[in-house]
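First chain written, first letter: the chains are A, B, C and D, and each begins at residue 1.
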Amino acid sequence: MTIPAESGTAAPAAGGSLFEKEYLPASTEGARYRWFRRIFHHDAPDERNFDLVLIAVILASVAVVLLDSVPAIKQRWHLWLYAAEWVFTLAFTVEYAVRLWVVKRPWRYARSFYGVIDLLAILPTFLSLLFPASTSFAVIRALRLLRVFRVLKLVQYSSEAGVLLDALQRSRRKIFVFIATLVTIVVIFGALMYVVEGPEHGFTSIPTGMYWAIVTVGTVGFGDIAPGTPFGRFVTSVLIVIGYSIIAVPTGIYTAELARSLQPRRRQVRCTECGLPDHEADAWHCRKCGRTLPHD
Amino acid sequence: MTIPAESGTAAPAAGGSLFEKEYLPASTEGARYRWFRRIFHHDAPDERNFDLVLIAVILASVAVVLLDSVPAIKQRWHLWLYAAEWVFTLAFTVEYAVRLWVVKRPWRYARSFYGVIDLLAILPTFLSLLFPASTSFAVIRALRLLRVFRVLKLVQYSSEAGVLLDALQRSRRKIFVFIATLVTIVVIFGALMYVVEGPEHGFTSIPTGMYWAIVTVGTVGFGDIAPGTPFGRFVTSVLIVIGYSIIAVPTGIYTAELARSLQPRRRQVRCTECGLPDHEADAWHCRKCGRTLPHD
Amino acid sequence: MTIPAESGTAAPAAGGSLFEKEYLPASTEGARYRWFRRIFHHDAPDERNFDLVLIAVILASVAVVLLDSVPAIKQRWHLWLYAAEWVFTLAFTVEYAVRLWVVKRPWRYARSFYGVIDLLAILPTFLSLLFPASTSFAVIRALRLLRVFRVLKLVQYSSEAGVLLDALQRSRRKIFVFIATLVTIVVIFGALMYVVEGPEHGFTSIPTGMYWAIVTVGTVGFGDIAPGTPFGRFVTSVLIVIGYSIIAVPTGIYTAELARSLQPRRRQVRCTECGLPDHEADAWHCRKCGRTLPHD
Amino acid sequence: MTIPAESGTAAPAAGGSLFEKEYLPASTEGARYRWFRRIFHHDAPDERNFDLVLIAVILASVAVVLLDSVPAIKQRWHLWLYAAEWVFTLAFTVEYAVRLWVVKRPWRYARSFYGVIDLLAILPTFLSLLFPASTSFAVIRALRLLRVFRVLKLVQYSSEAGVLLDALQRSRRKIFVFIATLVTIVVIFGALMYVVEGPEHGFTSIPTGMYWAIVTVGTVGFGDIAPGTPFGRFVTSVLIVIGYSIIAVPTGIYTAELARSLQPRRRQVRCTECGLPDHEADAWHCRKCGRTLPHD
C-alpha cells in the first residue's frame, strides 16, 4: 500500500497527479464515459458538483463513525448511527463498483493507493456481519475513517495544493537530512537523560528517554515525564535552546522553496537555433547561441 | 452575523474596508456631517483623536468586565464596577444612536458585522435590569466583551494592518488546503490512539483522541491526556515529527506572500530605444540608455 | 527608566546606537580620554579586550547571584559567595565612577537607561549593610541581576545585532498590530472558556481564562488548567488551529523585513544632473533625468 | 574532543568537509588503497554501497543498545542482545583498525572528532569484560550510542546537507546574538518569578526559575512548575507574548540566508557591446544584444 511513484506525467505542478495515477476510460462514449468524467475529472461544473457532493457525503460518514465512538452518544442513538452507517457503506460500495466499471484497467485502480483506501473504507461494515462485535473489532471499525483520505484527494486537485506539494517535493531531501539530524539529537539526549535522571523520574529506558526528547525538542512538552534533578534540568534547557534554534530549519527550507515557486515566471520560449527553452523574462537573445528569440 | 463580503471597493489595500462597508453620510453639512466624519473617517487629526479616546474608553470598559469576573475583586469593589459599567453602557448607547443618526442607511449599518457587535455590547447591561441575575446570566454578561472587536476595527485602519490582511487574503486558499490536510492527520491519529491506548489512558472516544491529536500536533501539549503504552508513545513521536515538519507550511505560505507585498512595485514598460522592460516604479528614463520611458 | 529615543544619529544601522546615546569625552587627552575610549568605544583591539574582560566579570558576578539563591549551595558556600559579591560590587562601583568621570555630561549618563542599570546593579549590596536581611529583601537583591543587561549592551555593538535590530525596528508597527489582534483573540476565548468550563475546571475568572488562552495560543500548554467538557475541548481545538495559523504572521513579518536587509545593495551614486542618490545595481543612466551616471 | 576547524579546503559547500578533515591514503595502489577509497570516498557506486551497508549496521547496533535498556526486553532477550552487541563491536573494531591502516597519518585520524567517536563506540563493550557490571556502568555503556554520530557524518556528504550547513554557518553569528538576548530574558524572568512566586509554587531558586523560563519561552511548557499567583500569571503571559514574537527571529535569519543559498548563481560580467552586467551562470551570449560574453 505505498504511494505510487509518478511516471511520465506532463504536468507535475497539477498536484493531484502526485497521488493519483492518470486512468484511461474504458469507453469514450455513453453513460460509462459520462461517469468516468464525473469521477475522474475535476474541471467542468458538473464534475465539480459531483466532487462537492462526494466531499459532503464522506464528511457525514466520518462524523457518524466519530459519534459512534462516544459512549454517551452511542448508547442513545446507536440504531440511527447504525442505519446511517449502512446507507453510507452501500453508497460507497456502489461508487466503488462504478469506478471499477468505468476505468480501462480496473485491476490497476484496485491496487493503487486510493483503490485500497476505497476498499478498506467499506470492508469493515460488511465484516461486522460475519463476525460478532468484540473489543478487538474496534481496530477494524476504525479503518472506516480512512475515508477521510478521499477528501484530501479531492482537495489536492486545486492549483493551491499543486504549489504547496511542488515545494514540498523539492524540499523533500533537505527535510530528510533535517530529520536524520533531529533523530541523532533525540538518541543522544534520550540516552543522556536516561543516565542522568534514571527510572525514579520516569526515564525507565532509553526509548522512553527518546520519547521525552522528541516531546521536548518538538516543543510539545506534555509534562508526563519531566526532569527532577538540577543537572537534568540543565540538559533540558540545552535541548530546548537547540530545538528553538533548529525549528527554523524546516521553515527556512520550505519558505525558500515556496518563494521560488511564487517567483515571476521566466520566458518559456524555445530558441530557433539551439533549442534552449528557458530564458530570463527580459531576454531578447538566446544566452547560449546569441540568436534573437522569437516573440511570444 | 457573518462578516460581509467586499464588493467593488477601489482600495482593498486600505485594510479597514475589508471588514467595514463604506457608509455614506446622511447629510453633508452641519453637526451631523461633522460627527459622521469623526466616527467613520480616520485621517484628520481630530478624527484620529476621537479614535484614540474611543480606544481608551473601550479598553477601560473591557477592564471593568474582566475585573468584575474575579470573585475577590467583585466582592470588594462591586458597587464601583457596577457604576462604571453603567457609565460606559450609557456612553456606548449614545455613540450607537449617533452612528445610526449620521449614517445614510441606518438599517444597513445596524445589520452589519460591527453594527451587531455595537448592539450586543450594550444590550446585556440593559437586560440585567429586566431579569434577576442568575448563574446562566454569566453567558449574556460576557457578551459585553465583544466590545474588544471595536478596538480591532480601529487598528485595522492603519496601513500596517492593510499589508498584513492583504497577504492573509492572498494566502487564504493555500491555508485552507493546509488546514484540510491537518484535519485529516488529526482524524487518522486520533482514531489510531483511541485504538492503541483506549479509555484506560484517557482516550475515551475518537473525538477525545482528535482533541489530543490537535493539542499535540499544534505543539501545545497540555499533558491532561498522554500516551502510556510504548506503541502509543511511538505513534506520538511520529505525530510530533510530522507536526514539526508541517509547521513550516503556513509560515512558508504567509512569508512568501508577505515578501511579495513588501517588494517595491515596478513599472513594466518597455524602453522604446533599448527595450529594457522592467523599471523602478518612479522611473522616467531608462536606466540603461537614458531614453524617456513611454507613459503607461 | 525608559529606553531613550534616538535623535539625529548618522548611522542607525550601527545597532548599538539604538540603545545608548553617543557621549562626548570630558577630555580629549591623557588617561581620562584613554579610559573614555576603552569604555565607550568598541573597535580597537584594546577596546575590544576591555569589553571581553567586562563580559567575563559580569557573567561571573551573575553566576554568584544565581548560586546564592540555591539553598543547598548558599548554606555551604555562603561566605565565599558573600566575599565574591563584595569584590564584584566594588569593581563595578569603581567602573561606574570612572564612567561618570570620563564623560562630558555625567548627569546625562546617570539618567540614561544603562546609567540607571549600572546604579541598580551595585546599590543592593550597599543597602544590605544598612538594613538587616529580611525575606522581602530578596526583591532588592534580585535587582543585581540587571547587570545581565550590560552584556546585552556590549553584544549590541556587533554588526550582526545591527541587522537584526534594524529589521525589528522596521517590523515594529506590524508586530504591534499583530499583538493587538492576538489580545483580542485571547479576551474572546478567555471569556468563552470561563462561560463554558466555569470554576470547577479551573477557569475561576475571565483573567484566568485569558491566562489559559495565552498559554494555549502561544503553544506553551502547561496543563495546570485544561478543558474538561467536550464543548470546551472543541473550543480549545479551534483556538489551537487559530494559533497554529497565525504563528506564521510574526515570522512572516520578520523574515520579509530581514530578507530586505540582506538583499543586494543598490548603487549609491549621486546623479550629477538631478542629484538622485539611489539607483539599481545595474543602472547606467539616472532614472529621473536620463543623464549618464558617474562610475563608482 | 573539539570539532576540528576547517583550514584550506577548496570546497566548503561540500558539507562533509565541515566536520571531517581530508585524509591522504597511506598507499595509492593495491587493497590498501581500495579500502581507503571505500571508507573515505563517497561518490562511486561501490563506495556508496559501502556507506549504505555501514549505515544499516550502525542503525542495527544502535537498536540493540536501545532495546537492551528496556527492562522487559532485556530480561527476555538478554543473551541474544549480548551476542549481537559483540558481533557489532568486533565488526566496528575491524573497521577502526582498517581505517588506521589505510590512512597516511593514523594518529591524526585517531585524535579527530570522528576518530574519538569511533573509539568511544567500541571501548565500553571491551571494558565490560574488565569490570563487573555495576549500576554506574550504565553511563559508560550509553557511550556506545555515540555511534549514531557516524550516520550523521555520512548524511553530511549529500549536497543537501551542504546547502543547509552552509546557511547555518553564515547565520551562526546572528543566532549567537539571538541566544545571548534569549539568555538575558531568561535570567530576568527567572529571577522575577523566583521573587514573585517563591518556593511554595516550585520556584525554589533562581536557576530553577531560569529552567522554567526556558521551558516557557521555548513554548515547551511541561507544567511541572506553573505560576499560581495572579501577578505570576501576568508575568508568564508577558513572557509568552515575548517568546511568541521572537520565535520569528531565528526562523527569519535562517530563511533569509537559505533563500540566498538557493538563488541561482549569476555571472557578473559586463557585455562589451551593450554593457549589461548581470547574466545567468551558464550564459555565453548577452541576452540583450546577443554578443559573445567575455570570459571571466
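Here is the rule we use: a residue touches a chain if its C-beta (ideal position, glycine included) is under 8 Å from a C-beta of that chain, and two chains touch if they have at least 3 such contacts.
The model shown is predicted, which means the values in this text are computed figures rather than measured ones.
Engineer: Select the interface copy of B-C from among A-C, B-D or A-B: the correct pair shares over half of its contact pairs, counted by residue number.
Structural biologist: A-B
Engineer: Where centres are the averaged C-alpha coordinates, which chain has the largest centre distance to chain D?
Structural biologist: The most remote chain is B.
Engineer: Roughly how far is chain C from chain D, going centre to centre by Cα mean, in whole Å?
Structural biologist: 29
Engineer: Using CA atom averages as chain centres, what separation in Å is found between chain A and chain C?
Structural biologist: Going by mean C-alpha positions, chain A sits 41 Å from chain C.
Engineer: Among all residues of chain A, which ones touch two or more of the remaining chains?
Structural biologist: Counting only residues that touch two or more other chains, chain A contributes 207, 210, 219-223, 247, 251-253, 255, 257, 259, 282, 284.
Engineer: Please name which positions on chain D make contact with chain B in the complex.
Structural biologist: Of all residues in chain D, those touching chain B are 219-223, 251, 255, 274-276, 288.
Engineer: Inside the complex, what are the residues of chain A that reach chain D?
Structural biologist: 173-174, 176-178, 180-181, 183-184, 187-188, 191-192, 194-195, 204-207, 210, 216, 219-223, 226, 230, 233-234, 236-237, 240-241, 243-245, 247-249, 251-253, 255-257, 259-260, 279-280, 282-292
Engineer: For the complex, give me every residue of chain B touching chain C.
Structural biologist: Touching chain C: residues 62, 65-67, 69-71, 138-139, 142, 145-146, 148-149, 151-152, 155, 158, 160-161, 163-164, 167-168, 175, 179, 182, 207-208, 210-211, 214-215, 218-224, 247, 250-251, 253-255, 257-259, 261-262, 279-280, 282-292 of chain B.
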